[in-house]
Every structure is written in structure tokens, then in C-alpha cells.
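We call the chains A, B, C and D, going by the order they appear; numbering starts again at 1 in every chain.
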Amino acid sequence: MKQPLTNADEPLWGRTLRRIRQIWPIGEHAALKDAVAPELPEANWQRLRDKIDACLEGRGGEVSARARAAELGEAYLVLNAEGRHNFLELLAREYDVDNAAVEATISRRSRSTDDDERRQLNLELRNLLEPPRSKLLRQFNDLEEGVKFLVDLRAELIPWAQGDKTLHALDQDVHRLLASWFDVGFLNLRRITWKTSAALLEKLTESEAVHEIRSWQDLKNRLGEDRRCYAYFHPRMPEEPLIFVEVALINGIAKTIHELLDEKAPMGNPRQADTAIFYSISNCQAGLAGVSFGNFLIKRVAADLSAKLPNLKTFATLSPVPGFLGWLNAHLDELELSEHEQTAIQMLKETGSPKSTFRKLLHNKVSEADSDISNILQPILKRLCARYLLQARRGDKAYDRVAHFHFSNGAQIEQINWAADLSAKGIEQSAGLMVNYLYKLSDIEKNHERYTGQGKITASPTVRKLAKL
Amino acid sequence: MKQPLTNADEPLWGRTLRRIRQIWPIGEHAALKDAVAPELPEANWQRLRDKIDACLEGRGGEVSARARAAELGEAYLVLNAEGRHNFLELLAREYDVDNAAVEATISRRSRSTDDDERRQLNLELRNLLEPPRSKLLRQFNDLEEGVKFLVDLRAELIPWAQGDKTLHALDQDVHRLLASWFDVGFLNLRRITWKTSAALLEKLTESEAVHEIRSWQDLKNRLGEDRRCYAYFHPRMPEEPLIFVEVALINGIAKTIHELLDEKAPMGNPRQADTAIFYSISNCQAGLAGVSFGNFLIKRVAADLSAKLPNLKTFATLSPVPGFLGWLNAHLDELELSEHEQTAIQMLKETGSPKSTFRKLLHNKVSEADSDISNILQPILKRLCARYLLQARRGDKAYDRVAHFHFSNGAQIEQINWAADLSAKGIEQSAGLMVNYLYKLSDIEKNHERYTGQGKITASPTVRKLAKL
Amino acid sequence: MKQPLTNADEPLWGRTLRRIRQIWPIGEHAALKDAVAPELPEANWQRLRDKIDACLEGRGGEVSARARAAELGEAYLVLNAEGRHNFLELLAREYDVDNAAVEATISRRSRSTDDDERRQLNLELRNLLEPPRSKLLRQFNDLEEGVKFLVDLRAELIPWAQGDKTLHALDQDVHRLLASWFDVGFLNLRRITWKTSAALLEKLTESEAVHEIRSWQDLKNRLGEDRRCYAYFHPRMPEEPLIFVEVALINGIAKTIHELLDEKAPMGNPRQADTAIFYSISNCQAGLAGVSFGNFLIKRVAADLSAKLPNLKTFATLSPVPGFLGWLNAHLDELELSEHEQTAIQMLKETGSPKSTFRKLLHNKVSEADSDISNILQPILKRLCARYLLQARRGDKAYDRVAHFHFSNGAQIEQINWAADLSAKGIEQSAGLMVNYLYKLSDIEKNHERYTGQGKITASPTVRKLAKL
Amino acid sequence: MKQPLTNADEPLWGRTLRRIRQIWPIGEHAALKDAVAPELPEANWQRLRDKIDACLEGRGGEVSARARAAELGEAYLVLNAEGRHNFLELLAREYDVDNAAVEATISRRSRSTDDDERRQLNLELRNLLEPPRSKLLRQFNDLEEGVKFLVDLRAELIPWAQGDKTLHALDQDVHRLLASWFDVGFLNLRRITWKTSAALLEKLTESEAVHEIRSWQDLKNRLGEDRRCYAYFHPRMPEEPLIFVEVALINGIAKTIHELLDEKAPMGNPRQADTAIFYSISNCQAGLAGVSFGNFLIKRVAADLSAKLPNLKTFATLSPVPGFLGWLNAHLDELELSEHEQTAIQMLKETGSPKSTFRKLLHNKVSEADSDISNILQPILKRLCARYLLQARRGDKAYDRVAHFHFSNGAQIEQINWAADLSAKGIEQSAGLMVNYLYKLSDIEKNHERYTGQGKITASPTVRKLAKL
């Protein structure tokens, strides 16, 4: 029912583009949007091909071609899901690399004996290996929100591309283009505060993937004076956060998420804090999957905080262990357990599936802090978690994706915390445990090289000892 | 003597980057700037290779690699010209495409019979054909002014690459990267007025390549209420115009540049103007040679003006004919001339070389408006100029580069004007003639296709008749 | 518990001022904040007097005096309510007009026979009649948030000044100063949207006095594309709205508030709307009581809307009638009622107090749209309301304060709506009735003059007829 | 010939106001601008009186009254000088204080015995003593550039008011209003750099009253990295500097203006500078004469510099001595001179008038650094200058207006410099001498009190000794 309306404050280029299309008429193609059915049946494909060809040939000059591509993009926007799928199919199938041309050039190259000629042929080959559709993808940049358009197109494409090799190849083209457009050097790092636009804060709230933002009051608490929130933005998507991180400025390393999210806790003085805890990092654009800037975000925020608040000495995370219980369930039989542990696990099994048991036990634990069962479970689960983090692998990488992310960044495991996230998700994924990864400035590079080069994980003596016990 | 100083208002990313390098120490490499001699003798190359390798391998993680690349960039900045040449040589020679790897992949591809595998090999081949140095070029983006850095690097590289095939290949890489970064969809179109920063206006003044800006008063006149000036900017170079155009809003098509540059002429009312004359368009960044946005600039400015000032009906240029007299001198003997023309040209030759003669004659013409010689010369030169514009070619293109630019954009020749630019340059290049190219909205696409497809030039009946006479 | 912290983005003047106090030391007075007790007992007054005297004399130069006044202001801020009351008492009692000096000047004036001398004495007299404390009030402007400081001081002073003539005189001084500082010519009119800062939107929510904003979702609905919200701001209080108005852009005049606040209603297209309904106007600063800009706000917003949305033809309000039932209760006996009305009212009385009866009846009305009682009550209450609006007075003014506001602005009564506001407040104050006041552009001045000059109210024929029945 | 045009970027309030006048028609008065002759003969005055009366009565409501006042202001703008003079005469003569009403209230006051009544009468009296025209002056604030309008009106009024007591009284009203509007607490302090708008820099250039800015190159030099320039702005005149100061950041106290204005001098590093020299301070708005912010400007800039560049230890001026030679000429006979001095002065007199002699001698001095005459003159003139600064008075104040300004601010004389300003003006006013006034933070208040309280001037021992010799 909502009608999108012209924004009076739209940027010059937007207005200009629309106007261009009015005053530089681009002929018979203009009404494409009305000429194709929403589900884009094959009967309509020829119309599309004509238009795409006109774009790729630059018919009528590059300005016209871009305006025409923008029209194609607008036509895409009014298609339904089936129509979009068909559109992408067409692009993927008919505008792929021309293998005959590639082979002809390879054959010329193989006969060439001249260095310069070969260099020239390399260049030609490289151009031929870029599918023609890539040019159209770039031309979409002239849509009013062209960059966002392509990001959203990919968000829809990714699930379709799973198991469909043709669409997967198209997705690789889009990914390659977005990776170049979203080079971290082009991004702006901005601090988010309670003074930020409500529309933008609403987007953060919807994107928060680690610890759900429950209300505007919760959000306000996370933007208080003893907190920091930073996000990356692309200059062409100034209202769209790409990724954001939430930081608490406190004294000493935080052990539970609850103390950080407590809206009634007194406001601390950030100038007196000695520790910055990164407790949540979330991507906001599904279409940028595989384009990574999380590592830049953490380190740049740490650098910025350290410059502004020289009192800060420690940079660490308070992170979930999302794969722990899933892995434990799957590998329980393979684990070498002490007799004591076996008894405990058995006990859990008898009271039901580990998941529900943990949950009940942990909830009990909260009410009766010194419950016997908690006393038994705590050391066992922390030890299992330590072993999981240090030993469980997928190929060379740590099995846990959060752990892998921080190890790749050069962080080390500092501490495993009991009853640290008692939310439903926290208990179901990691038995309520959370981990502090420490970013120790002098060791970052060394840790990174050990991990990426030799697959070795750095951990504090306590955690190492825990895993060995 | 000038020491570059920290700007207190520098953007967040800049300060952050510098800080990153302080707090995420990148080890033994840090002092590169001091470790290499300004002229970068080969004895220093190994040091560079180590650093470049570290960047390309992403040693210590991508954040460290970028910081290291930024250091390389800073080291480059303190080299002298010889040192920079050596640096670029190293990049060009040692970080080129790995032909052995390319051939191995080609060979695997030739043996493959599976479509999916071949698609995968195409991708690998494409990646192998991108020289490794391209990655370093992209990493320079993390320098404080990384985009400008690369633009300036290329401005220096272009002359060195002429006649040096190795450096030329490097230049092609830089060009390809800049063409992607400066996609017109990323650029901001901004109006320049007398309220614009003096620093930016100073840059325009230095870049004006068509009609020199003689003083701040001259500049102010060109930014008056009956004028418009627009420039394109890259979001990462907000203080650096890329290209700008100067427009006069008047009634009827301007016939001479002098009426437009007259500082004493009364101010017109832009809301009552019916004609926009584009009288100057200049590139500001030598390093962006071959990355073209002039066609976009003209059409977007026309669109913007037309939206804001609905009274405007005619969009035309007042353009120089820079190649005319050079071509005339070279081709005089081949031209089919009437007896009358032969006598006139003969007369010119007798009084000396055509150049100096024209100059003298034209200067006379100004003082004695009805001088006999002017009466004789005017029709002859205008006819020769019409023939030059319509018939002289370089391959398929119009010989005159300004004419070629406007024909490619879909403009048509409207009028040739006598005594239109009596500056030294104007007389020496084009005997004081100037041309109006008309941008007739309804014909733009058709004209463009005729010219680029069939090499046909569109001209007004008057000019066509002139050329035939 | 919250500690106010230095904002890194604070404006230059703020940082500068604080720094001034650091580097231009202002001697023994500096520690005033620590030297007085929070409740400011009379034993502390002498310290204050010394400081105030130093400010008024401009001791150490005007810059120092201002810095000292700022310190006084800061000392004021840390006092408790009793302390502030004492501070204001001191100002009110001891820094009032010097009547002896006034009388001396009056006496010199009475003896003077020279026009020029008398003009000079007038000036002196005028200066003497401005109490010395006014200078200090102005000097507070150098506090970091000096304007807001004075506004908040007055918000606290107003209730204390009721019934205390000394404090009332002080309040008059503060009011006079604020009226000059908040001259409408200095204010900025800004549109509020969902893109506005959350902090600012939160302030609007807290200030909305007519129809409570129930949630962020409710607020978002009020800022949709078919709504407009505008607020006035002072340049020195850019984050503090002074007054705001909410407008709905619809077709035809709205009859109930419920249709406007319905979050599920479809979004309309503002470019097609023919009517702007001003449905809420609220002041945000208690300290600006008596400084009026509501009339400016309505007319400027109407002008701005009319410029941007030329389709709009009708500007009207949907307003509460806050005084209706209170007045009815008090004046029931004096009203001349028809037999029919007497029976109805009697019926109401028998079922309980009018208030609770109305409420019950109206609630019934909603569920049983054609209930007999509603059929009986509707015409009676609308007629009584029409009589109330047209006839009930406080002196020359309409008795109802909302009605008076709109009549003063030149609006006329257009329509009285049944079941228009069924909130608890709506029913208790006005039996659920709401009124449309029409701002008919061509009649505004005439209506204003009729009302302010002759006390005459303009109403539509329907309403006039209703009142007469 | 220049037609002022609507600025597309004008602020909301401006557009709105104009629109208000379109849609809230204010009747027969609208065409005032066309109804009065440019010289405003008395025959036209009645038309004006009607309009002014409508404004003062608030006819049609306050919004209409303001719109009407804005029209009056626009009518004023199209009058010629004679017309404006007549307009101001009318305001001054006919809208002055109503003395009869004043006397009636005085008489009621004298009969009153009640404190509260007397307080009320004081208030009434105060209101009566404010001339009615003041209200109109305030209403002009609704003109598009209302504040600037009043500033410019006063710039024209000031010379007319000299010797005309009626206009002088009007000027006092305008001054009082502007002093309140331009309270320093409302002003914004902004740094001016080479990145500032050319239009604004052009205004600075035109206003520089101490050391003429000779070219854009000279200006650029004064805005280099080792310089600072700050100006005050009013929020309603954001493009109009009110006053600005130029500062050089150097090592050691500057002795001549030439070293500071030398465009070829190497750029210093401001972070290493230990001294800030304030070498020029100029007012930009003639209409703000008598509204002083120079003292605030110097001290706030010093505070800001000191916060940003902690290396700065000394804040001093390099100032002209504009009254020196004028005073010397006038008082030569009264001075007690040593025999040696008498001979020297005599020698000067014989070679012509002191002025031309000094000039010649000083110019000689430059070419022959050790010329005998220079050797003779230097100590004599410096001594006379020291005596002038320390002893010459106008009433309680220092005779030299620059000296008085700095003494009032709490500065002290540090040093008198020979051959410090060899421009024509420098030689003619002060024999090329310049003075350093030192702002010693710890002594500012004490010095100010000594000077304003007891008329005592603080000087360095060197200068004191010089004066005594």
C-alpha cells in the first residue's frame, strides 16, 4: 500500500539522472517496465535481450546506455520473485564468457613468440574472461540507489545460486564487483550515538544478530556515554550501515553479557575505563556475504578508541561460542572423558537430551547459586569448551566460526566464562558459556601468522591448562 | 621548506589509520622510509621486494598488510624522480603476470571436457592474468590520500611509459584500476560558485586549459549569477575537482568568446535566458587520462540546468578548433581551391608564413572592421574550416579532437564564427575561428549512432553549404 | 549516578570558554562551587554577593566578568532546590531597581526645561528602571548552554513566583530577556522526520501534550510520508525543540483523531492530498511560558506546505475542546435549555455524575453505533459545545484556551465532530468532541481584527445554526 | 545593472516568509514599494505612517504585522539616500517617547505609597521610555536578511546622526537593539583558512584596516599553516564576518610587520612555535560601531590556540601607534627635551616638516643601515614614543586608541620597535615604530583593574626606563 515517493532532498545525481531520461529520450525502449509481465515469462525475454544488447554495445552513447541500464534496473525492481529469478537466469545463461573467442585467443597466444604480442594477448584474454554481463552490472550503478540495488540483488541471488552452477557463476561476478566497490579504503567509519537518525538506529536494531535489541530503551542503554558503537558506511549508501560493532568501556574484562545489557546499571566514566569490551559485531547487508570488513572494523575502532581514551589498556571481546553444543552432541562418543565426566554426562543424558537438561540445570543454577549440579557441571563444561575451541577443526580452521574469525585477526583466547549468556539462544548453543578473546597489540601479527600459517591457536595458560586437564 | 602538517580536521579514517600503525606495530619494516636512498639504487631493491611480498601475501593479516602498503606508499613519496622511476620499474618488471602459471592452466583447460570444470578454470585463468602488482595498487587505497596518491603516481608514470613497454603494461594496470574506482556512478556533481573554497577555486584556475583565467576578478565574473560552473568529484577526493565545465546563460547563441569573458558586461538574468553555452571544459587530473567523464558532465549539467531553468531551450558549445591551422599548413597543396582562394592564399604566403600573416591580418581586422583583407579572408577561412571539420579524418574519427569529442556525444556543427577568439592561441591554432556545436536533445542518439556506426557527421545546412561552395 | 561528560564534538565556543577559565585565572572566586552548601544558607550569601558584584562591575574586564558569571551559573547548577530558591530570592530582593536613584532622576527631569537634556534623562531613567540583576542574567549567556540554562531556570522559577511578588518581578525580568532572545526572527524552522536524531525524537515524545505518543511505532506513523512535523529551534539550542506541530496530509477534513493515529491505515500520497490537518501543537520548554510562537509556527508551516505541495487547498485543525465539560458542569444551571435537553441532562444526572455518565454512554456508543442514548446525546452535546465555543468568555476572550488561540490567529470554527476523541482525556474534557478550526487565507486578517478588536467570533453557518437551535 | 536573484539554497525561513506574504495577503498595503517616490517626499509620508501604525498595533495579527514590517523594509531598500534619510527622520521625529504619558505615570508613581504598585508603575514607566519605533526595528528581523538590514541601516545612519540630535536618539535605539542581538554569547567563532569561501575571503580583504591585503597571494600567505585567522559571526549572518584577527605563530616576539608579511619567508611549524603574535584586528561592519567584541576575540582566540598548541607560551601583539606623530607635532613645544634631542628635532625641522623628514630619513635608514641620522633618531623617537604611550592621555584614557584598547584588556607594553612598519601609513602615523603589547595571563585582571580603576599603565622595565631617560 505504501507508495515510494520522491524525496525532496534527494542528491543532485539522482534528480539529474531522472531528468536525463526525460530530456535525452532513449526511444522505443523507455516503456520496458510496462512491457514485461511481473513473472517475466520467456515470451518477454527477447525484449530484455534487445535492451541488454543496447546497454552492452553502448548504443546511443555511454550516457544513453547508462540511462537504459537504469531503466532495466527499474524494470527488475517491479518484477516478482519468479520474474527476478528469470531475469537472473537470462543474464547467467546468455551473457557468460564466450568460450569460442577465449579458445581462439589461446590458440593465437600459443603460436606467438613475441613477448610484447604475448603481453597484448594476455590482456585480450583477460578481457574475454570477464563475462559481458559484468558490464551491465556496473552500469546499474546509475540507478538512483545503484550500489544498494546490486547489494540487494545479490541478497536475493545467493540462496538461488546454491546448487545452481549457472547462477553461482553469476553470483561470483556480482561478488567480485561488490568486493571492488566495497574496498575498505572507500568506506567511512562513523560513530553511532543516541543522536543518530532514528531510521538508521532502526536498521541497526533489525540487524543485531548476536544479542537482540529488545526495545528503544535497550538500544539507548547501548549508546550511553560508557558505550561506543561504530559502523562502516559506503559513500553511496550513507543511510545504510554495512557492519557495526558495540563496545563497552569498563574496568576489567567483562564476564557476562548480562552486566553489559543491564539498563539499570550506573553509567561509568569512559575516561576512567581501562578496558574496551567488543561484545557484539553484526553484518547488516546479506548481499555483502563474503566481502569482509569485520577485521578492519575491530582494529580501526580499537585504534580510534585508544587515540581518544588513552586510559584504555585492554582490548578484548565477550563472544558467543555458537558451535559448541552442536559439536558436543555430534562428537560425544569420540571424546576421551574422565570417569567423573562420563558420570556427569550420563547423568545429563538420563534426565533427557543434553540441550533441555543444560537449560534446566543452568536455570536452576541462577536461582540456587551453589547448587550441587552446577558445581559438578561448571568445570566439566568449561573444560569441554576449552577442548572444543583449541582442538575442533574444519580443515585447517577452527571449527567455531566466531573463534576462527578472532584467531584470523590475531586474537588469543583469554578466558571461558560460566553462566555468561543465559538467554535461550545462549544456553542452546553454548550452555551459557561465553569467551573473551584478547587483542594484545604486540602479539597480533605473530598470532595471526601462527594461525594462518601453521594452524596454531594461541591461548592463555589458564585455558591451555583447562583443555589439558 | 614547507612542512606538511597534521590537519586537525582530517577525517576519522585518516587519523585512525595513522594510529593503527602506531598501536598495531608492524615490526622491522616500519622504518623503510629511512632505509632506502632517495634515488632507490638497485642495492635497496631487496628491501622493497620483502615489503611488497609481505603486502601481497597479506602477512600478519589484511589490516597489517594494508598498513604496510601504506608505508610503502609513504616511502615512495619521499623518493626523488629517479627513485620513483626505479620503484615503478621494479613493480613493472618483477610483479607481472606469471606466464608459466598461465600456460599450465591453459593446458589443464585444453584437456578438460567438463563444463563446470572449464568454468572454474576460466576463473583461475582470469585471476592469473591479473598481475600481482594490482593487489598492491589497491592496497595503497589505505594511504591517507590513497586515491589521490594513485592518480598522481599515474600522472608521473604516463610520460615514462611512452616508449617503454614494461612501464606501459604497468600503466595499463593503474588505468584499469582507476577506471573502476572512478566509475561515473560514484562521482558527485557539484556546482562551483564564488562561495566555493578559495583553495578549490585556485585549483580550477590552474587547470583551465581552454581560456586561461587571468585573475580572481576574471574568475569571479565566470561565477556570476548568469554563469554556471560544475565539476565532478570523487568521494575520497572531495577537494580535488576531476573535470569542470563553464556555462554562460544568455539569449541566443554566443558568437565570440570575448563577449563571454568581458568583465564589464552587464549581469544577465538566468531565469530569462533561453540558451546555455558550454564555453570551456577542462580536465584537472593528468593521472586520469583516458578515464572519460566529459560526455557525462555535459549531459548531466544540461539536464540539471534544464530542470532548474525551464526557460532554457538551446544547449550549445562555443568551442575552439585546435587542429585547424596545423592541418591547413600540412595539407594546403592537396586542397582543391577556387582561383579566388588560390590568389588569397598566395597573397598570404607572400606576406610570410600563414601563421604570422593571419595574425597580423586578424589584428588589423579588429581595428579596421571593414578592411579589405578581412573581407577577402573571412569567407575563405570559414569555408576551409567547414571542409576541415566535415572532411578531415584520423581513421574513422574526425581529425579535430574537440570536434571528435562532440560528434561522439551526438552533437552537430551549427555555426562557424569569424574573429571569435583573438587571443594568441586562438589565432595561431584556428585563425581566430570558433565553432558552435549544438546538442539537440531529440537528435543526440541518432547523431551518435551515425557518427560512431557509419562515421557520418551531422551539420547545419549553412555549414554543409559552406563546405561545398 | 550519571556523570555528565565532556562531549568531544562540543562547539568551539564551549571548549574555548572552559579553556578561558583555565588560562585567564579569575582569582579567589574560582572555587565558589565548592564553597557554598547545596541548600545555600544565608551564611553563604555574602560569598555570592561578592561574586555577583564583581560580575555587575565588570571587575577584571568584561571577559573575566563573563567567565565569573558562568561560574556563578555552574555553582547554581549544583545547588539543590532549596539552594536555588535561596539564590533567586537573593537576586530578586537585593538586585532590584534602585528606587532612590530613580526618584533622584525623576526629580532632575521635572526641573529640566531643555528638550535635549530631558531626552538624556529619559534614557538614564530607562536604564535605572532596568534592575541590575538583568545584567547578570545576560552574562549567564556565556555558560556552555547559557540559553538553555536560563530557560530551565525560569521553568523552576515560575511556580515559585506564583504568589511571591518579589520572585514574580524577577520572573518578569527573565521573561523579558527570553522574549528578546527568542524573537521569532532568530528561530529556525526545521522539518522533523524519521531520519531525525533519536534523542530529539525522544524529546518530542516527552513533550507531546495533546495526543500522547504511545510508542516508537506510533511516532514513526506520525512521521510517515503523508505526515509532516515541524519544530522551531533556537540557534544556541539546536537539539532542543521549542514547539512543534503535527500535520496530516489527506483528502477532506478529518473528523476524528482515531483515523489519523491509526498505524495500520494505508500511506497516502501527499502530492495528491488537498487538505492539511494540524492535529497537534505542543510547547516543549516550560521556561518559555508566555513567549509565544504558536501563531508563527502554524502560518509558516502552512506557507511552506503550500509552496511545496501546490495541491493543498484547505488548511484546518482537528482540535480538542479542553474546557468544555468543566464549563458545562459549572454553568449547567444558568443555561437556557429546551425541555428535551432538560430531560436528557436529567437522565444523565440520574445515572450519576455527568463525567462518568458521558464516558459510559460514549463507550456504549462505539459498540452500538445506533444506540438510542447516543442518538439522543449527540445533537444535544454538539449544540451545547457550539454555544460554549461561541458564547462562553473570560473577559473579552473565548473561555476555551484552544479556541482563543485559533480565533486570535484569525481562524474560524468550521465543524464540531462527535466521537472524535474517545481517549480517557478526550471524554473527560470534552465528551469526545473535537473541533475543526479553518484557516481560510483570505479571511485571516479580517477574522483576527473582528476578534481582537470587537470580540466577535467567526463560525461556519452550520455551527452558527447549531448554537441557535 | 546587477539583478539580485533568488538563491536556490536560501534557508527555509526566507522562502517561507516570502511565501507567507503571498498566501496571507496583507491587503492594500502590499504595493508600498511602488507607491512611494525614491526620495520619499513629505507627500508620501502619510502612506508610511499608516503602514508603521499597522505594524505597531499588530493589525491583522502578529504574523501579518511582521510581514508588513518586512514590506516596509523592502520599500526602504529601494529608496535613494535622500529617501532613506527622510524615512529615518520620520521614525525619529514621530515615533519617539511619549513624554506626556511618561509624566502622567511619574505623577501616579509619586502619589503611590504601595510597594507593589510602585513596582508595577516602574515597569510601566520603563516600557513608556522605550520609543515605539523600537518595536518596528525589531519587526524588521523578519526581512530575509533582517539582522544585516539593521546593521546596514545603522552604517548609513551614523554619519547622519552626527550633529542631529533627533537622528542621534534614533541611532541610540538601533545601537541598543544591536548590542542585545549581538551579545557575544550568541556569536560563533570560526577559523578562516584558505579553504574558506572566496566570497568571505573577499570581504575580509575589503575590511582589513591595519595592514592592507595587497593580493590573493598576500592573503594566502596570511592563511598559511603557521598563521591563524579567526572571525566572529552572527548565526543570522553566517556569510558576514563581524571582526577578525590575524595571528602569526613564530618563535620569539616579532619586531617588524615586514617579516610577517613576507610571502617568500619559509613556512614555520606551528606545533613548534612558542609565541602567538596578534598582528591585525579589524572590524567588518560599520553599523556595529560601539558594539564591542574585540576583547573577547583576542582572549578567546588565545584560549583556543593555547588549547590546541600547548607549546605556545607567549601571547603578544605587534601593533601600530596611530596617534604618535599627530600628537608629537601638536605637543612638541610642551615636551621637556634634552639638549641632544632638541638639536635632533631642530635638525629635522630644518630639513622640512617632521613628517616628510622622518619619511626620508627612515627610507635612507633602510638602505644605509648604519646611517648617522638613523643612529641619532632611533633612540630619540623610541623615547618620545615611550613617553607618548605612558603619559599622553584623553581624560583617564591613554591618548592612543590602540594602546587604550589593549590596556583595557589588561595587556602591558613590552617593547617599542624601530623600523617596524615602513609603509607610507606606518611612517606617517608613527615614524615606522610598532609596539608589542604583552598578554601575560596571570596579570591580565590586575592590569585591567589598575588601568580602569586608577588609570595606571603597566609597562616592561625597558619601556619604563626608556620613558624616563
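Please note the rule applied: contacts are C-beta pairs under 8 Å (C-beta built on N, C-alpha and C of every residue); 3 or more make two chains touch, one makes a residue touch a chain.
Just so it is clear, the structure is predicted and the values come from calculations on it, not from any experiment.
In this assembly, B is the chain whose CA centroid lies farthest from the centroid of subunit C.
One inter-chain figure worth recording: subunit A and subunit B are separated by 39 Å, centre to centre, where each centre is the mean of the chain's CA atoms. For this pair, subunit B with subunit D, the centres built from the Cα atoms lie 48 Å apart. Listed for subunit C are no residues, as none touches two or more other chains.
Touching chain pairs in this entry, ordered by label, are A-B, A-C, B-D, C-D. Residues of subunit D touching subunit B in their complex: 1-3, 5, 8, 194-202, 216, 220, 225, 239, 266-267, 269-271, 308. The part of subunit D that touches subunit C in the complex is made up of residues 11-13, 15-17, 19-20, 22-27, 59-64, 66, 97, 99, 102, 106, 109-110, 116, 118-119, 122-123, 125-126, 129-130, 138, 141-142, 146-147, 165, 169, 172, 180, 183-190, 235-236, 295-296, 299-300, 302-304, 306-307, 408-410, 441-442, 444-445, 448-449, 452.
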